[in-house]
């Protein structure tokens, strides 16, 4: 019955994992994706290896996609966007805009997995000249090159001798209004630094940082090897300005550990751009009337003890739509969202569970 | 030996198409002081002097429009320009007359005193705000709208506006000071720098071009207080530095009178003089013209 | 709580800052006095907007022109106040703050701190309290203060002297020698002046005096330079009385 359907918006890691969870619990998932293919940002932004674990991103994503495509309980709607929603928990009516025109779907619960956008470095408070200089690139630009195993200066196609990363571009910045830490950039920059050193052993790689935030095993699996085995140079101090000199880039900053100014030539500068709520996330929050925090991410309504329920009953959130997340957090949230959504539709429909277990929710209700 | 520094002046030079073109969004803008000024006016706290028509709308850092009045302007002159570089103010007035735009060059104007304040600290926020608001009130009384010549005054007044908006006690104190001289508390709807007016009429100026200056090398020094103080309320144009820096403000072209030709850059006299000055290390950097005398 | 790191360095720094014993060095005040000055800085109404927290990212130092020429660091300014290091802030108020050029490049701080603004406040407190360093730093500056206070404008044409502006080349002498003529030749009549930037109405100047009188600026001048203060007060009081402004308080 339609009240037991669970609508999942977004076909990235969070949406795919939520769909798999919903199907595994025996409910029907309707998975809506605005692009013409599944895989989300790791796919669209050409991620190379995933942090951490260094597994090939396309391989991992293919595995997650395979788990839902062909699954009879997952109805995949590509090239589809949500335009309207009405109803309440247990009985939502949602209008989709699909290739063939508008369509209406009914669902008992909704999981929002609309993700993030990479910060646009044109807005950076420092003079980094991303739109001025070819050889100033972002983590995403670098990732695409690393995926091709060909890391060169975009300006002339030659291999670089000196490459640096600038951390916290678009994150931890009150002037921009992005006061939060984007969580993954320290790890991704360090991962890419290792990959560059593997591809180009003669190339020197520097990371300019405020704090290196290498949670848990990222420390011993990424940070330490980067420093110890791959001799990546970590320098405390963030670059304030990039100016082109000849065919190289002069970067200017302060080495705050050594208390001295730096003016160093680089061949490629990689801006470690952070996360912002995607346009889709903001749009869905508006359509569904979900509370957002001041940055536009969807606010979990109950804090740390329930990371997936939103301000609207029956609507759940998973992944970076709720704030900066790494892949581990995203997958965990997706599972939790699937479980809570399934529990809700079972309670609302007052039907016995497809798995024939007693309706626990009824007792407390 | 000069090191070539390449900053593209127009558009994203040879930028790979994958980067596209950057457009700022009004959603990214910080608090809108101009809107807050109008809210305070609605509460009877002060008067907001409206920009007279006709005006040109220009784009500020985050894409918000700023109204630049073309005429009926009250010229808030600059100490440094009038005192030592008078061709500056004279040219601004000359341009107005050439374009047939009416203006007021007042004697009822003091220095903003910010230059002294930043140098010697012999003032305080209340005095600085009162000086600013006295000048604004003087403009309001004439019916003309302030056009500010000095970069320091411009930046400082934007800071003063912010302080007045955020601190009621400062507003009350300054209102009281002005009341003693029989003046109302007035803030202009926009705080306008002369360079913004030049920007607004640049095409009109170009139509009247007499000499071709395209082969003149010019040095641009956007004044610190112009673009570092309240930088979101300044002009950004995608055609100037790719919209990544403020649109050009102050240009200085070396004139080509014969005596300036006698020693060229790179000649022994100029090079050694400049090397000596730089090596002392303690004095401020000399101007490029030092040592290049007859 | 406040800590007192580097007091030894502080004395050395102060001794170094004293030029050739030409000006008598102020006696080291007790901690309570330094704390009072510190509190005066942090209680300024602008202070909460000028200091949030400091990452030590170094962006302010990298863009600071003074940091290139002096042993000056906007990061140390922000850190000292943030750590409530009363001794260090006192030391900075006596030396570092006068090395800042107030260009506000440091406003690029990602935390939106304003180290240059903190310097403005620290300088103001130094002047207001007649700190030795303020007198020393502003020695020779009196004529500029006199200029702005007596004319309402900051920079006058008659300041152009070849000795004062060697980098202006031969035109400085030419201009200085024929200043009156040059100024009269300019179309804007408001600029037919030699001792002020432009012509300021008497009424306007009196209103400026009233502002300084009412906002305590004259008291600041008094702590800095008593004779200058006397000259200014004489001029101003007469004008204010003439205009009928009450001078009580």
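Should a chain be cited, it is by its letter among A, B and C, assigned in written order, with residues numbered from 1 in that chain.
The rule is short, and it goes like this: contacts are C-beta pairs under 8 Å (C-beta built on N, C-alpha and C of every residue); 3 or more make two chains touch, one makes a residue touch a chain.
Everything numeric in this text was worked out from a predicted model, so none of it was measured.
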{"item": "Pair of chains with maximal C-beta contact number", "value": "B-C"}
{"item": "Chain whose Cα mean lies nearest the overall Cα mean", "value": "B"}
{"item": "Most remote chain, CA-based centroid, reference being chain B", "value": "A"}
{"item": "Centroid distance [mean C-alpha coordinates] between chain B and chain A, Å", "value": "42"}
{"item": "Whole-Å separation of chain centres (CA-atom averages), chain A against chain C", "value": "50"}
{"item": "Centroid distance [mean C-alpha coordinates] between chain C and chain B, Å", "value": "22"}
{"item": "Where chain A touches two or more other chains at once, by residue number", "value": "175-176"}
{"item": "Chain C residues counted as touching two or more neighbouring chains", "value": "108"}
{"item": "Complex contacts: residues of chain B adjacent to chain C", "value": "77-84, 86, 89-90, 93-94, 105-111, 113, 115-127, 130-131, 134, 138, 155, 163, 166-167, 169-170, 173, 177, 180-181, 183, 224-225, 228-229, 231, 281-282, 284, 286-287, 289-290, 292-294"}
{"item": "Residues of chain C touching chain B in the complex", "value": "44-46, 49, 69, 102-105, 107-108, 120, 123-124, 126-128, 134, 138, 141, 144-145, 148, 152-157, 159-160, 166-170, 183, 186-191, 196-201, 203-205, 207-208, 210-212, 214-217, 220-221, 224, 245"}
{"item": "Interfacial residue positions of chain B with respect to chain A in the complex", "value": "3-8, 12-16, 18-19, 21-24, 28, 30, 241-245"}
{"item": "Partner chain B, residues of chain A touching it in the complex", "value": "120, 122-123, 127, 129-132, 134, 141, 154-155, 175-177, 243-246"}
{"item": "Interfacial residue positions of chain C with respect to chain A in the complex", "value": "52, 55-59, 61-63, 67-68, 75, 108-112"}
